[in-house]
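See the structures that follow.
Shared between the two complexes below is chain A, which has chain B as its partner in the first and chain C in the second.
Then we have the complex of A and B:
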């Protein structure tokens, strides 16, 4: 455990954070945690299974709508709402994943994106149930979570708990089977593993965590809009993971810190956020392959560096269709 | 429901299918030759529509103003396509899939905002010339005469592309490059120039499609979003890289859309997805695609 000594100081800093910074930045911190969980759930499919999904926002959105609708229309307590979010997102991931795990590589990316977009149109058009493009307003968290710092601690608790579960999954035989599928699906099949079924299970679990992250978002923003499920939103975890580095466990969370800070900073003085982030993405893709964590890992050898597969192996894998 | 209504609906589905074919054929061509999935394809299609509006605005007093604008817009887009390939896409051929996809995704974001900056957020409307203004009557049913023009453009691009790929020297080179870049390159043919040409050609067709779409209704921001998904469905159903597959799939999707509008207007997209999912389960590589790609 000595390798993870640095988690101690970070945890203390994260716990003390609301005492040190203003309310605006507490909001930013909550968003970092929520989007970070979203990006890490994406990375269960991308980093561990080796498939790029461009429709992950669908499960994020389903989770957000499940909790949002329950809070607006019923009196169900928030933790149960979040559990429902996970189950709902998991069911949708099961249906969509059933078709998508038949494909790999670029086809997987297109299919996940297309099905995610289908879900977006359903939510967008179903006025009577989802409020259509007006979204849902008045999603109020329970009394004890009204203040920003209370919601921060609640989110922190949920996200850390989720990360611990994800960590155990990634270190379990199941997690190593996923890595093996990423490296060579054929050989994994030869040793008697039902690759498609394992991929589907992983897809569903990742969808459930995305749903949990989505569920946390509604009560935080007090409202949700169908744009959450849009494929623009699906690009966010892709970018976070690429900038943070997909092969370290915490990579996507670091990407979330960078992305969310940038968002809070840039939207302060311009409405052209897509233009700005688009230029940043192009810069990162062209000049910073491997992301920030990749850069740091090559220098510092920290943060679960043992997960780091050789560069060449990763690239051959993504070219296998 | 009588036969003439069915026929009118069939024609409207055909024109929709031809529009989808124009958009997806470039997407499929670029993917087939360069192995790059261009997320920004539909956004460039929209840029084509906006350029058509601008040229039409400048040329509206002249005879053939609209037809000239459509051609000019398509050529402008071809130039933009060549520029994008040389400046950006060329740098990521050797990279992994997520980086390639992120790059074209970034283009969607950038172009979306640039459209807002250049053309503003108001809808744009092009007045049609008198030739295609009034409906034609087919079996007594009114039918938008402009759609006849869309169908004709779609068919001529399909035939033109087929002729270009099958019958010309450049077409042969492009088809050879799909199988082996190295071999083509070893014969002394400059692959980078071929790739720039293919990308420009794909974007030219997208621009042409956008310009042809422009006078159909008003041009609005975000139009590209609904189209990109349908274009992806078309290439998935048809099989990537297959021109014939794209053509057939575009007509299928267009007709499914046109007929589902009659029975279940909100469900048109859902139905397209059900068709897509069904075809994937029985033929994961699409109707006309090859089972495996190397």
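Then we have the complex of A and C:
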């Protein structure tokens, strides 16, 4: 466990954060957590399973709409709304994933994107149920979560709990089976694993975590819009993961910190946000192909990234056997 | 007792008959080889038996069960494992993780979401690495292993499935003479001591005649000769087609 000493100071800093910064930045921190969870769920498919999904916003959006609709139209308590968000997103991921896991590579990416857009247009057009392009307004969190710092702690609790579960999954036999499918799907079939079925299970689990992240968004923004399901939104976790590094567990969360912080900071004084993030991505891809975490890992050998990207780490360790 | 029975198996790729009316039988405990020149259909035959290709016609029976055209994972679960000609391993995982993955799959533990994998199948994985002679490379990334060790790992992964019937596609390809000897001794031990039924393909005649107790000669997708090494050696057709050129 000594490898994870650095988690302690980070946790303390994260807990003290709302006392140290203004309300605007608390809002930014909440967004970092929500989008970070979204990106981490994306990376279950991208980093672990080795497939690029370009329709992950669909499950984020379904989660957001599930909680949003329940809060607007019923009196269901928020924690239950979030559970419903997870289940709803999981069901959509099951139906969509059933078709998508038949493909790999570019076809997988295109198919996930096509289904994502399909869902987007349904939500966009279905005025009577989803509010169409007006979105949903007046999604009010319960009384005890009205203040920014209360909602921050609530989000922090949920996201940390989700990350712990995801950590266990990544270290479990199932997590290693995902790595083995990424590395060599054929070999994995011949040791007796139904690759498609496992890919589908992973797709559903990833969709559920995306749904949870989406559920947290509505009460935070007080409103949601169909754009949440659009393909731009599917690109967000891709950017975050590329920036943070797909081959380490915390990579997408680090990417979210950088991306979301930059967004809040840059849009404060210029409208050229797409230009800025474009330059950042170009820089990362050209000069740090493993993302920030890949760089940190090769320099410091920390951050728990060993299991996903063992090349650099293990080769140096084993030279003296 | 018959463990494998193949009846009039056919497979064509376009106009090319890769497997032509092949009938074949194996008894429990056999150590046999299939030989034949490049393109004779050896790998295709293995691919048909393990579900990688679909047969056009014919039947494959394993322990009396019809497994023709079953998907690979189902065939593997029944107790048929294979090692590939070109080592087919998890390059970015460590040697240890490679064999552990096969063992976890065999133990049906891969749907476990919450027990850290490093706590499972420890003794089995260590023992298997020892058997394969890979213990000292346990924590090396598989992609950094030498060619010979990669082939050994390939074999270890196949053994991790605890098969009853093992197919080895050129298990010593790319190995040095010494590595070849070590690997084939291991194959022999697996057959003798663990009563594993093994079928291998090979083009090194010294290996074939030294270890296999029964040979089958494949040529252009058909079986042209079968029998003990001595019988095959003296078979005229076999000599003409194959041995004449190589041995």
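Descriptive notes on the structure:
Here is the rule we use: the second predicted complex is superposed on the first by the 301 of 321 C-alpha atoms of A that agree within 3 Å, B and C clash if a C-alpha of one lies under 4 Å from a C-alpha of the other, contacts with A are read in each partner's own complex, and residues count from 1 in each chain.
Note that in this section contacts are C-beta pairs under 8 Å (C-beta built on N, C-alpha and C of every residue); 3 or more make two chains touch, one makes a residue touch a chain.
The model shown is predicted, which means the values in this text are computed figures rather than measured ones.
When chain B and chain C are set side by side, the one touching more residues of chain A is B.
Of the two partner chains, chain B is the only one that A:110 touches; chain C does not reach it.
By the touch criterion defined above, A:125 reaches chain B but does not reach chain C. In the superposition on chain A, A:138 contacts neither chain B nor chain C.
When the two structures are aligned on the shared chain, A:239 is found in touch with chain B, with no touch to chain C. Of the two partner chains placed around the shared chain by superposition, chain C is the only one that A:194 touches, whereas chain B remains out of contact.
Applying the stated contact rule after C-alpha superposition, one finds that A:277 touches chain B and leaves chain C untouched.
Once chain A of one complex is fitted onto chain A of the other, the partner contacts of A:268 are absent, as it touches neither chain B nor chain C.
Once the two complexes are overlaid on the shared chain, A:180 sits against chain C while remaining clear of chain B. Under the contact criterion defined above, the residues of chain A that touch both chain B in one complex and chain C in the other are 314-315, 318, 321. Listed in rising order, the residues of chain C touching chain A in the complex are 50, 71-74, 76-77, 81-82, 84, 88-94, 97, 100-102, 104-106, 109-118, 120, 136-137, 139-141, 143-144, 157, 160-161. Against chain B, in their complex, chain A makes its touches with residues 46, 52, 54, 99, 102-103, 105-107, 109-111, 113-115, 117-118, 121-122, 125, 230-232, 235, 238-239, 241-242, 246, 272, 274-275, 277-279, 281-282, 285-286, 289, 314-315, 318-319, 321.
Residues 31, 35, 37, 88, 91-92, 95-99, 101-103, 105-110, 112-114, 116-117, 225-226, 229, 232-233, 235-236, 240, 266, 269-270, 273, 276-277, 280-281, 284, 292-293 of chain B are the ones that touch chain A when the two sit in their complex.
If you check the complex, the residues on chain A that touch chain C are 168-169, 171-177, 179-180, 183-184, 186-195, 198, 201, 309-311, 314-315, 317-318, 321.
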